[in-house]
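What follows is chain A paired twice: with chain B in the first complex and chain C in the second.
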Partner chain A sequence: MSEVHKTIEAVWRIESTRLIAAIARVTHDVGIAEELAQDALVKALEVWPEEGIPEKPGAWLMKAATRRAIDSLRRGRMLVKKHEELARELEVEQERLGEALQLSLEQVIDDDVLRLIFTACHPVLAVEGRIALTLRLIGGLTTTEIARAFLVPEKTLGQRISRAKKTLSEAHVPFETPAGDELRQRVESVLLVVYLIFNEGYTATSGEEWMRAALSDEALRLGRMLAQLLPGESEVQALVSLMELQSSRSAARRGKDGEAVLFPDQDRSLWDAAQIQRGMVALERAQRLGGGAKPYALQAAIAACHMRARTAEETDWDRIVLLYDALLQINPSPIVALNRAVAVGMAQGPAAGLDAVDAAAAGFTALAGYHLFPSVRGDLLMKLGRLSEAREEVQRAIAMTKNLREQELLASRLKQLEQRDNGGA
Partner chain B sequence: MPQYLVAGYLPDDFDPSTVDEATVREIHALTKEMIAAGVRKFAGGLGPAKSLRGQPDGGVLVTDGPYLETKEHIGGLWILECADLDEALAWARKGVAATRSQVEVREIFFNPAPE
Partner chain C sequence: MRFLVMAMNGPTAESAARMLEYSKSLQKAGVLLARDELFPPSTGARISFTDGRPTVTNGPFVPSKELLGGYWILQVRSREEAIEWAKRAPLSGDEAIEVLQIREM
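Coming up: the complex of A and B.
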């Protein structure tokens, strides 16, 4: 890519969110706003390599979008829904639209960006639609990038985005920040989207490695953005904390040859101490806001227990079990139950852990289809010296995971087991 | 995510009383935009410099003015956390427009916080 294209891409990344938010304030339709912004980008890609990057790229893009908006209005497209009845006086309308758009960019307030996030994460959309739209509208990622990150064909991703935009338009989703009880629900939906994006990057089942790192970074940035925009929401702080604490371990999660390194075997000196610090501060903030017992705060508190321990042996597993108990109460899920069982195994020994795993599987039948279930069982059976059973479980886990790195890791564990089994026989 | 120093340079004979309100407003607006975008770690203007030089006898000599003899000095700075250098440069570009000054971008090789 040429220097100027790289610059345009970077400018787009930092300008597009505000641009789309400002247009949406006037058009009341996020889909149309996004299209107008895209048109402006296309124009920039045409003009900037020739004429150079303008001094105020944001204002330039807005002007280009405005021109497009007036063009489409002239062609009779109903752009400004709210003022449909006024469309009779086209001339006046054109002028008004142009002025409103220019003014809107100058006045973009944080609220517009927040409205845009709430709209992209609206519960009326399927979760994958929310994710794609959020990355596109707020993350400024291209369809190609998003498609690559989620390993779906570009066409599929494009359809996903246009379907989401259509749904928003048809459902007449207002471009606004919800209030009262609705706010809580809507914040939950936003946080879910952000955390799913983070996890896709952090523990991706597939996809290119660099794109995955970009997803985690994007999620962290979205989280930090939300923390600025919604400073009083404890779960926003808690999610930021959770993501900071998890990604502080990034450097330690890969060995020299790119192989996965499991938590207990990680070189803790590679953990990013500054990031841990930030995660801890965000967690304290969440707790001070009175949200210590909410789902993300509990998960962050569990992560904090791990990060505080200087060695794996020093980990306060009893406290982790208690935190998982609390989490399981409010958020009963197979993964939480499995993680709790792992913690029980560490706190009370492998026999207790195995009982807890089996109890979890009895409570959540979905666990049987999840590759970590046989993997955890195998680990506990190995610790109990039941090697042939352990081997069966690890083999099952290998067959169930799509992730190459994880397969490698499990295969090396299987090899260890076989050596021990033979040695013991 | 890497962090970048985005520093604005002012001429040595810079007179702060010549800064108009619009400039101040634009700098504030840009900083707010950075905050809303989740990239700003820190922002601030700098007062006059004192320089400290170690002496051969082991003492330290304190003088007024920047350490280097230059025609410009750092007037203010942002610390931004961005995906990459290109993005930091895109912000710095806005910094040039807002501060009406020259801007320098440098990656910060971050030191871990003390234990």
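Coming up: the complex of A and C.
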């Protein structure tokens, strides 16, 4: 990529969200807004390599998009869903719309950006549509980049985005910030999308390596953005905290040969202290806002417990069990129950842990189909010295996971078990 | 990737408000990790080494043309993006900003 193109890409990343948000305020249609903004980008790609980067590239793009919008309107090709009367009286009204666009583009307000985020994460869309649209409209990522991150064909991803835009348009989703009870649900949907993007990058199930790191960073950026836009929402702060604390361990998660290093074995000096600090501050903010007992805050508090311990042995497992108890009450899920059982095993010994795992499996039948269930059981059985049972569980876990790195980890555990079993015999 | 964006010379009384607004825009875009303003060198100290032995000089130092006045740490996706953000800083006259990538572990 040439120098100019890299700069244009950077400008796009900085300006596109506000540009799309400002246009959408007038057109009330995010799809149309995005197309107009894209047209402006195409124009920039034509003109800038010839004439150089303008002094105020953001204003330039806004002007280009406005011109384009007025042109389309004049040709009567633009569908303004919320203004069908305008479409009927096009002759009279086109100037007024043009002016409105110009004005909107001149004064983008934070609320427009927030509306754009709420719209991209609207519950009327399938979750994968929300993710793709968020990365496209707010992340400024190209379809190619998103496709590579999620390891899906570019064509599939393009269709996913068009379908999402079409759904929004057909459902007449208003371009607005929800209020009252609806706000809470809608914030939840936004946070879910951000956390799913983060996890896609962090837990590495598919996609190219560097693109996944970009996804985690993007989720963190979205989180920080939201923290500014919704300063009173404790769960926004809590999610930022959770993501900061989790990704602060990135450098310690891989060994010299790229192999996975499990949490207790990590070199804690490799954890990013500045990031941990940011995570702790965000958690404190969430708690001060009165949201300490909400789901993301509890998860962040659990992560914070781990980060505070200087060594794995110093971890306050009793407190972690209590936090999981609270989380399980408001968010009963098999994974939470399993994690709680692991914590019980650490706090009260492997026998209590095994009881907790089996109780969790009795409460959540879905656990039986999840590879971490036999993996955790195997670990606890090993600690209890029940080696042949442990081996069976680990073998079962290997057969159940598709993740190569986890297979490797489990295989090395199996080898360990076999050596111990032979040594004992 | 992270970048250290350094403003040579601190903000003046009249530019302080614009600087704050600029920092706010970085924060709203979600790219700002940290920022600080520095006291002028008159209150600082310079430790120079001769054959490994330190000598402390209190500020102000011998006229050094450019002195760090403040910095931002940005998390962005490219060097160009860091530069684009730096270009948006409200500086005037002969002031300068330096952009350096932070080495990741």
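Quick note on the criterion: the second predicted complex is superposed on the first by the 407 of 425 C-alpha atoms of A that agree within 3 Å, B and C clash if a C-alpha of one lies under 4 Å from a C-alpha of the other, contacts with A are read in each partner's own complex, and residues count from 1 in each chain.
Note that in this section contacts are C-beta pairs under 8 Å (C-beta built on N, C-alpha and C of every residue); 3 or more make two chains touch, one makes a residue touch a chain.
Because the structure is predicted, anything quoted here is derived from the model rather than measured.
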{"item": "Fit-or-clash call for chain B and chain C when the two complexes are aligned on chain A", "value": "clash"}
{"item": "Touching partner for A:P334 - first (chain B), second (chain C), both, neither", "value": "neither"}
{"item": "Which of chain B and chain C A:T7 touches, first, second, both or neither", "value": "both"}
{"item": "Partner chain in contact with A:A251 - chain B first, chain C second, else both or neither", "value": "second"}
{"item": "More chain A residues in contact [chain B versus chain C]", "value": "B"}
{"item": "Contacts of A:P350 with chain B and chain C, given as first, second, both or neither", "value": "neither"}
{"item": "First (chain B), second (chain C), both or neither touched by A:L270", "value": "second"}
{"item": "Contacts of A:P295 with chain B and chain C, given as first, second, both or neither", "value": "neither"}
{"item": "Chain A positions touched by chain B in one structure and by chain C in the second", "value": "6-7, 9-11, 13-14, 57, 110, 113, 214, 217, 220-225, 228-229, 272, 274"}
{"item": "Residues of chain A defined as touching chain B within the complex", "value": "6-7, 9-11, 13-14, 17-18, 53, 55-58, 110, 113, 214, 217-218, 220-225, 227-229, 272-274, 276-277"}
{"item": "Of all residues in chain A, those that touch chain C in their complex", "value": "6-7, 9-11, 13-14, 57, 110, 113, 214, 217, 220-225, 228-229, 251, 270, 272, 274, 278"}
{"item": "Partner chain A, residues of chain B touching it in the complex", "value": "1, 32-33, 35-39, 83-84, 86-87, 89-91, 93-94, 96-97, 110-115"}
{"item": "List of chain C residues in touch with chain A within their complex", "value": "27-34, 75-81, 83-85, 104-105"}
